[in-house]
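In the two complexes that follow, chain A is the common piece, with chain B as its partner first and chain C second.
Moving on, here comes the complex of A and B:
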């Protein structure tokens, strides 16, 4: 019998529509029932972007499209989208019903591709996977059906050019800020960066240069691995894998050194950049250390994470090693495939020289909250979770920093937690909540 | 009090003679004075053709495709002697979901209270193939048909389809679904064909309702766009269909069949293949060996 889970912190495969929304001037065309796309926006989206939210063209496939097939309806919607939405890339995504019924979305899309229209398709029926997985599928579809077709055949490898695959847009609410910071620091050590999503991306023109990159950088526990492996097989582009989000001085410098060494960059230039960044970063911490070490109404002594693996490991390393907050149980909620779990456990086993943390892989928010609720709460805790943890945080008098979707109670613009800037921002946000307890 | 409508579903492998049999049963029942509706549940939508001079009628799904609200008089058409003819219809081959189509069509008939409105005695569903998906099982499910009959020849694939149908009936039998009335043995001319079907019903704990021989009379009638009952009412074949209709009319108690597991079915078929081969080569076996 299927198991009911409460409060999953990711979407179905169709959630990859948000990955498309995050590409400048790209638009998803959804072939699904009414409500699917909107629910995804409500869960993980914030803001419509260029052509997201209620702008997304959708077939609203219902009874008639199921019984008779929805191919003609899809054709009509694609036709209409080309007429009324001025975009650089159109990505057709399917929902459960059309995939179950077996609509040949590929054939419909190919008819438009044959006219050299910038359009690709991916099957993202909700039963196929979650959006951590389907994000890869959509990125690969764009590369295989668009980039390969329109790329400059004569272009050769560009030394110093890298493609960065990090964070899943919108599934990571701070995706834009995180990508901006990753781009900033990688440029700082001398790289030219295809960041591919968000305000720092040059849009679909940038995607066309993916095959020319000297190497790819994957900043992720496991999502995205399929992409970089595929690119390695396809174009022979090697990849550097950093398996968590680098947050703060230690880990960001480690990340940059790793990239620099992998790419054979000038170590002097890399070290000079790191030195400059670390100086700035630690000067802020030194300036406020007195407060961060002691506060009359108490400081969070331990933290729970209810996050995906990439964030969980990144935050744990930062909080333990740089802020001295100790790990309570760590809950990983991204439905991590079994083959990647041991590596993640290992990160927590060695989260610092002296500390290790227990990890639980669970997708059931209700179960996780019940477990935390059942623990003894002698000390003030910090919960790195989602908006859904607000009640729990109140009950156990913990501070809540919502990092995961649904973010609900925060408006996110360019805020991010990656890198040096992200590390400082994390401190601001965590200790803001501490100050908020002033009586 | 409203009278009890007898709802019957007739299943069988494609091309086995379901529609021919069903239409002749409908025709015989209407001749006997009953009010009958025949519902074709096959995307080919030709179940009722021989009741209407060989002509196609607009299907429920075609009508639904055009507009959301469909009235009974747009999908129910009178045929031979006032038989109400309905075709569920379906998508073009290779697209959409025909099973969902059957569900939609049957639901529409229920919603519109078609059976009560028309004061029917019999509703006969003529359903495609074996139970290929939930949609095609709808007539077997709770609250639609009470009795299921399957048309089968002695051909192994037809028997396979019948056995699959039995599995569907068995599945729904626990939740108030229709039960099996028996097998209508079609195209039974050779003695071995009767023996095969007899053995199959014995194995699966059901019965043969009637043996229907293959006959050119049927073909002649269909070429005229008619049932045998209409075209050649005095023929021997018509009397076979009348007898079959009478048995179905008098049938009251259906049972849960005992379908064979796939391996057993294969072994059963292999055993019969050996028998037939022995027969072809003139080998003397079993009872005959004692002579």
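Moving on, here comes the complex of A and C:
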């Protein structure tokens, strides 16, 4: 499989700067070349947030840092950041320049840590991985270097408290909405939720209670696995893994039942919440089923996904089982490590009781699009992809719902596709696009 | 002022070539004087925020050539700006009634192993793939910090691939770490064009090169009256057009910092005269610019007629706007020389300019001609500009200054800056079309937008009421130049 990338849909390791931006009142300090941070924001940074975008402190490595090393420069920028930027947590992230020349960023950071400053560092030189992987690295760095140091040593395990590791902020353009819905439904079954990122998080104080959680919840195909495994080894916190985004009635209820059983929650309470939510959810579906059955001028009958594994499986299960749109080929673009690919294939093998779908793993959007173009397009289809699919959709008469970055054609605030609310939102958004094509 | 050497694979960076700097505080007149006396010092900041880099600016110019493909030899993060440029490209297609086409941009995806063993094979494979998929008339290869530091022989690969594929495969060296002045990336892009694409002239044409981004077409009418046609370069041109830019009758700069290198190179290498005058902003600037254009083209009489007609047309309306804007204060943040042009325009409209944060400073452009110094023209025509800060997008300095100055209006030319005016409740204007303020009509265009912005206070007032500020109280009370210091002498010109 080709490793060159036409039409990139994720960032490099340094892309995890956006994970930091997503923590309330946290700020990245980027020790890298001058353009890195801006390029990351260009792809996965719609909106500057609290201290992202043009606010991000950066050493802007120049020739002299390459030749003589950039440690002193970094020290100056960290020192300035504490004075100038009003934040609760500072996260030093390295780029290609400092990682290749071998700056001892850890040493520089430790000097500030020794003064009990809220600062951590992680090596995220762009070439080392991508942001699906480095998100884990950065979260672990915060836990090891900040949480462990400042947590309440006397605090004991809090029954009913969970840490949720779900989407990768900004890489998932709908991260904030998705996290908000996950928190809402988990609270609905009686849990107390550390959501850690976004508007529903209480910020760094919440992070300090990570070790007290009764268990961790991972909603993700594979990113984040390193985090929950590490937390299990470290604090003995068990984890519940739901390997795709739960969208709509079926899967969200399944997710909640799984969590409830894993955490030994009161099944009566869980079922009561599920019943109430399903009632609302299906009343909308029922109310509009006639539209989906009767609209005679053309609705998409099959779908392509060009998404990361977490979204791809989640949407496939939802579209097939709850909307009756059938899977064409499914493309997974998150550079899934080989060891996780079989599990994902397996989900598509059993996407419904009656159906399976073919999966291709590729990071090369150009190659994917060429393949789709080469197929026969007898029926109107739906593409769940990115802004790159604009022309492809027009050419094959498909409707496009951008779910992946680059998301450029949509402005995202609190929209999300997770859970019951997200399922309804997905229906609105898909058919909104369909109906909008008529004159 | 060095001669441009098109034999060398790389353009010399601006700091060395023309003595550009990125840090200064004082007045505009002081800055100009320092430049003239060779006393300009680079000042570095001990605290800094993220800037732009050359590779983005190089990509910006090359990625919208209609029949070329781009290969970015870098880790995937460096390709984060692909879609932004693709978007601009497609907006421009709409404006030009071109069919929708996607930008064909490839990234070599340099990974950890490649930093040890080199990535030239990957580069070769990517170029081949790009060729197979796109069948372009040229391929440009932009480099990165990673490819530069590991020492990949990019020029060797592009030379080899040019022969194999039978099209120009051109290396554009634009590693981010090499220059603090990100407009160096424009120079890199133009260097690769002048070096490998442009052919020696066979005849003179009635075309006039206009080095611009992608602004609206305002030159067809003007040049048409003089018997010439505009050739907008480099975005939206084709390789065939670029091959022939050596045959043009003249070159016009829409922003001297953008086109400095290409304008000078075309004149030095192929004798295409560059119009050396202030930019056509404000009445005096437009007068001077048009007269120089007339002189170079031998159309003095026609130009005088245009000047007369146009001024008569706009002056009554301009006077009206001046009355409305009298006493209004404003602050500008932009790159040079467009920023200098905006300063002239605002002063022409009778506004009080309280200061400016301009991204870098080129004491003179590659043509070495003082007439092209728009800042000098502005100061001479309208008087000095106080609080003139050379500042490469350091928003912490900007916020600090705005916090004290509190102008009636902020004008920003680049993204990431407007927020800081608005969060303080200051009406803020960003105009994307770089041609909007050009010429006599440009004064009216801008005045109209400024009045509209000044009038529209509800949004910023409400935003300010509900905004957070990521800067500390301590910082907002300090001298804005607290972190600016540490001189590095620049004496290369």
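To be clear about the criterion, the second predicted complex is superposed on the first by the 436 of 439 C-alpha atoms of A that agree within 3 Å, B and C clash if a C-alpha of one lies under 4 Å from a C-alpha of the other, contacts with A are read in each partner's own complex, and residues count from 1 in each chain.
To be clear about the criterion, a residue touches a chain if its C-beta (ideal position, glycine included) is under 8 Å from a C-beta of that chain, and two chains touch if they have at least 3 such contacts.
From a predicted model like this one, the values you see are computed outputs, not experimental measurements.
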Requested in this report: Would you check which partner chain A:236 touches, where first means chain B only, second means chain C only, and both and neither mean what they say?
Outcome: neither
Report task. Check the residue A:3 against both partner chains and state whether it touches chain B (first), chain C (second), both, or neither. Result -> second
Query raised in the report: Per the overlay, which chain contacts more chain A residues, chain B or chain C?
Result: C
Report task. Examine A:66 and indicate which partner it touches, taking first as chain B and second as chain C; both and neither are also allowed. Result -> both
Query - Contacts of A:406 with chain B and chain C, given as first, second, both or neither - result: second
Query raised in the report: Is A:103 touching the first partner chain B, the second partner chain C, both, or neither of them?
Result: first
Requested in this report: Please work out whether A:374 is in contact with chain B alone, chain C alone, both, or neither, and reply first, second, both or neither.
Outcome: neither
**Report entry** Set of chain A residues, in rising order, touched by both chain B and chain C
**Finding:** 63, 65-66, 100-101
Requested in this report: Would you tell me which residues of chain A are touching chain B in their complex?
Outcome: 63-71, 100-104
Requested in this report: Within their complex, state which residues of chain A touch chain C.
Outcome: 2-8, 10-15, 27, 30, 32-44, 48, 50-51, 53-63, 65-66, 76-77, 79-81, 83-87, 95-97, 100-101, 126-130, 363, 366, 370, 387-388, 390-391, 394, 406, 408
Report task. In the complex, go through chain C and note every residue touching chain A. Result -> 46-56, 74-84, 86-87, 90, 100-102, 104-112, 114-115, 122, 125-126, 129-130, 133, 144-146, 149-150, 175-180, 182, 393, 395-396, 415-417, 419, 468-475, 483
Query raised in the report: In their complex, what parts of chain B are in touch with chain A?
Result: 61, 64-65, 90-92, 95-98, 100-101, 104
